[in-house]
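Below is one structure, written out as C-alpha cells; the observations come after it.
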Amino acid sequence: MAAQRNLILFAGVALLFILTGYFQSWNLSLNILNLALLSCIMAIGVNIQWGYAGLFSTGIVGSVALGGLAVVLVSSKPVPDGWAAGGPRIFGALVFAGLVIALAVWLYRQLKPGSTRSLALAAYLVVAFFIYRSILDAGVIATEANNPAQAGNIGGLGLNSLFAWPVGALLAAAGAWVIGKIALGLREDYLAIATLGIAEIIVTVMRNEDWLDRGVKNLTGMPRPWPVPLEIDLQVNPAFLEPVASLGLDPVTASTILVKLLYAGMFGLILLLLVWGCERALNSPWGRTVRAIRDNEISSAAMGKDVKFRHLQIFIIGSAVVGLAGAMMTSMEGQLTPSSYLPLRFTFLIWVMVIVGGSGNNWGSILGGLLIGWLYLAVEFLGPQAMDIVTSGMPAGWLKDHLQDSAAQMRLLSLGVVLLVVLRFAPKGLIPEK
Amino acid sequence: MAEPFLIGENMTGGYGPVDILHSCTLAVEPGEIAVIVGPNGAGKSTGMKAVFGMLKLRQGSVRLNGEDITQLSPQARVRKGMGFVPQTHNIFTGMTVEENLEMGAFIRDDAEIQETMEQIYDLFPILRQKRYQKAGELSGGQRQQVAVGRALMTKPRVLMLDEPTAGVSPIVMDELFDRIIEIARSGISILMVEQNARQALEIADKGYVLVQGKNRYTDTGKALLADPDVRKSFLGG
Amino acid sequence: MDTLNALVAFLNFIVIPGLAYGSQLALGALGLTLIFSVLRFSNFAHGDTMAFGTAFVILFTWWFQSMGITAGPLPTALLALPFGILATIAMMLATDRVVYRFYRNQKAKPIIVVIVSTGVMFVMNGLVRMIIGTQEINFGDGARMWLSPQDFKTWTGLAEPLAIKGTAAISVMAALICCALLFWFLQKTRTGKSMRAYSDNEDLALLSGINPERVVMITWIIAGALACIAGTLYGLDKSYRGIVYFSLLMPMFAAAIVGGLGSPVGAIVGSFIVAFSELIVTSAWKKILGYLAPPDWLGDGLYQALSTDYKVAVSFGILIIVLLFRPQGIFGGK
C-alpha cells in the first residue's frame, strides 16, 4: 500500500517534468532535472545528518562551495606564470599557518592551565598571524598581478573534472571535521550557529581571494567531466549528425539534449549508488547504533556508545556527500561563480527538500529534491504568469506594478510557508521514515 | 468519623499506562503533620503528587475541606490553599531570597504580602540576613528554607513537602524538622514524604507506610515506631 | 600634538563606530537572549525581524516626510519608530499565535523550533522583499554631524577633526535608554520578575501561579520592540538593505553566546566585545599610526589585519574561542 503510494508520488513528479518539457521545452525540463538531481544528492547528505543523527547544520552552502573549489583546483587550466609568481609563497604561508595552529594546540596541551597560558598563546597567535600575512601578501600580490583580466590566480591542475568530484567530497569532509570537533557535543543550536558562520566565511573567501579562484571575476571555461562532449564538437561530428538527421531532428537542439541526458545519467547513477550505500549502512549494526543514539542520546551514552564520535562521523559523511554534489554541479556548469553561493539556495532550499520529502528516509529526500527542485526553478516562469492572472482584473496602477514586480520575490515567501506548513501538519513528510 | 481536612482517597493512577498507585489513601487534619514513608519505588512521591494534581487519577478523589478538587490543576490547587515544595529545583537560583519569596506570593494581590514575608523571616532568621543574596549561592539547608518559605508565601492551609531533608546534614535536618513543627503549630497541615523514616515519624502525628503503591500501615507516628513489624521491615530493626 | 591627533583619529575610527555598532548589536542580541531564556530556542528569524521592523519605520518615515513632518535636527525616522515598533510587535504576536504556540504546547525539542524559526525567517524575508524591495535605501535626514569638523579644527587647532555622526550618538543614547528601561523592568516590576522566574525555573514558576502565556507574550513584545529599534538604528547608520540583516545574525549570536545565552548583561557586554573586535581587526590603522610614526617608516601598507569583507570571520572567531574554552559564556547562562 505504502509502496503504491510512493510510486504514485514519484509518477506525479515525473509528470511535472514531462509537462514542463512538453509545454515549455525539453531543454529546460532536462536542465531543471539535472539541477534537481544534484539537489537530491545534497538532500541525501543533509538527510544523513538530520534524518540519521538529528544534527541541524545551517552551513550546507559551505560544503557545496568547497566542492566547487575542488573543481577549480583540480581541473581549471594551469596558470604557470601565476603559480610561479606567488604560488610557492602562498603555499608556504598556508603550510606555515597549519604548523602554527598545530604548535598552538600542542602548546595548549603541554602548558599548565591559567591566565599566563592564555595570554602567552594569544600573543603567540597574534605575532604568528602577522608573520603569516607578511609571507602570504607578497605572494598574493604577485599572483594577482599576473594577467588580471584573464587569470590572476594560481591555476589548477588541468585534470579531467571527474577527478575533482572525490576531491570536493574530501574538502567538505575536512571542513566538517574542523567545525564538528568544535561545535558537536554542546547544545544542539550551537552547531547550527557555528555552521552558519563557517559557511559564510568559506563563501567570503571564495568571493574575495582572487588568487585562489578569481573571486567575483568568476572562473570560466573549465573542461567537461569525462565522457561528456562539448555541444559544438557534437555538431561537427558525423557519427552524431547522421543518426540525428535520419531521425529528422535539429542537430543543435539534439546536441544540447544529448549532453544533458548524459549528465542526467551520470548524476542518476551516482544518486542510486549513494542511496544503495545508505540503505545498506542504515540496516547494518552501524545504522542501528546511529538511530539508537538519535532516538535516545542519554541511554545510548549510558550503554557505552561514544555519541560525540558517532555524531562527528555522520556530520563528516553528510558534508562529504554535499561536497561531492557541489563539485558535480560546478563541473557540469564548467564555471565557478562564487556570488551564486547563497545560503537560501543551497542551505535552506535543501532543508525544505529533506523535510518535505520525509526526514530519515532516503527516497523521501529524493522525492523532495525532485519536487522542490522543480518548483523552485519552475516558479521562475510560473510565478509571473500566475501573477498576471491574479492582477488581470486590476486597473493599471502602482499596486498592479508592485505586485507584478514582487512576483519574483514570492519564492522565498512560498518556501517559508511550505516549510512551516509541512513541519506543522505533516512533520514526517511525504514519505515517512519506516 | 468526620471527613479529614485534606484527603486523597482510593487513588489509583500513574504517569503512563502502568498504574503506580493502587487504591492509596492519604489524609491530613489541620495543624497535623502526616508523613509518608516506605521503601524506594513505593510511590511515596507519586502519592503526594497525586494529591497535588500532578498526575491523572484513574480512580479515587481528592477533597479539600469537603470540596472535591480532583479535576483541578496544580495551579488551581495553589489558589485553593495548597502549597507544594518539590524535591529538587525548588527555588529560583538566579533570583535573590527576597525575590523568591515575592514570586511565591505571585498569585496574591492583597496588601499584606510584606507582613507574610516578615513572618517567614521570623521563622527562618538566616533568610532575613541573606535576603539580597542570590538563592543559588546559599547552602543546601538554607536553600530548603527558601523553598519552604516560598511555598508559605501563599499562606497555604496545607503544606506539602517532598523529601525536604534530602541531601542536608543531620544537624540541619533536625533544625528543619523543628521549623516544620513550628509551622504545623500555626495551624497549617503538613503532608510530607521522607527518606529519614525514623526521625520523620518521631515528629509525625500520623504516618503512612506505602509499599508498591498501596497503604501497608497507617497509624500515629509513635505507634508505627513502636510496631515491631514496621521497625523490622522499614526502620532497620 | 601628534599624539592628540592620533587619539582623535582613534576615537573617529575605532571608539565612536565601535560604540554605535556595539549599541545596535546589543539591542538585537538582548532580544535573542530574552527569547532564548524564556522560549528556549535560538531564533534564526531575529535578523529578519529587524529588517521587517525597519521596513515599516521607513514606510512611516516616507509618509511623514510627504506630509512635511520632520523632527528638525533629528532623523524623521525617530518619529516613525513607535509605529514601526507596533507593527513589529503585531507581527511577533501573530507569529507566536500561528506558529510557535503549537510547538510550545507540544513541548517540541528546541532544535525543531530552531528549524521552525528558519521557516519564519524565510517568510519574513520574503515579506520584507515584497514590501520594500532589495535595493539600498537611505532614509536618514536631519543633521548628519553633531560636531562641525571645521569648528572643532578652529577650537583645538588639531588636524584631525572629531567626527560624531548623529546616528552614532543616537544609537548609543537609544541603547542606554533601552537597557536602563529593560533592567528596571526585569529587576523592579512584578511582571519583569515573573519573567526572570519563568526563565530560571519553569516548573516552579507554574507552581507559583505565573501564567506562561503572558510571560511569552511580554517576551515577544520586548524582543520585537528592541529588534525594531536596533534595525532602524543600524539602517540609519549604514543605510538600509533588507537582505543585509541576515548577516547580522552571526555577530548577534556570537555576542549573546560570549556573554552567556540567557543573560541580558552578557548580551550587552558580548555585543561590545564583538563590535570592538570587528573594528580593531578590520580597520585600516594607517591613519592613526601615521600621527605616531614618521611617515617614511610606515610604507604603503594599510595596517589592516583583515579586509572588511571578513567581518564575519571575526565574530565567528570569537564564537569559536568561546565554544572551545567557555561554552557557557562569561556570565554563566545555561
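Details
Letters A, B and C name the chains as they come in the text, with residue numbers starting at 1 for each one.
One rule holds for everything that comes next: a contact is a pair of C-beta atoms (placed from the backbone, for glycine too) under 8 Å apart; a residue touches a chain by one contact, two chains touch by 3 or more.
These numbers come from a predicted model, not from an experiment.
A count of C-beta contacts for the chain pairs B-C and A-C puts A-C on top.
Overall, the chain located most centrally, as judged by its C-alpha mean against the mean of all protein C-alpha atoms, is C.
Centroid to centroid, with C-alpha atoms defining each point, chain A and chain B lie 58 Å apart. Centre-to-centre spacing of chain B and chain C amounts to 47 Å, using the average Cα coordinate of each chain. Between the CA-based centres of chain A and chain C the separation comes to 31 Å, rounded to the whole angstrom. For chain B in complex with chain C, the residues that touch the partner chain are 74-75, 78-79, 84, 86, 89-95, 99, 102-104, 106-107, 150, 154. Only residues 54, 56, 58, 129-130, 133, 182-183, 186-190, 192-194, 196-198, 200-201, 204, 207-208, 343-344, 348, 351, 355, 405-406, 409-417, 419-420, 423-424 of chain A touch chain C when the two sit together in their complex.
For chain C in complex with chain A, the residues that touch the partner chain are 41-42, 44, 99, 102, 110-112, 114-116, 118-127, 129-130, 133-134, 246-247, 249-250, 253-254, 257, 305, 307, 309-310, 312-313, 315-316, 319-320, 323-324, 327. Of all the residues in chain C, the ones that touch chain B in their complex are 190, 193-194, 196-197, 200-201, 203-210.
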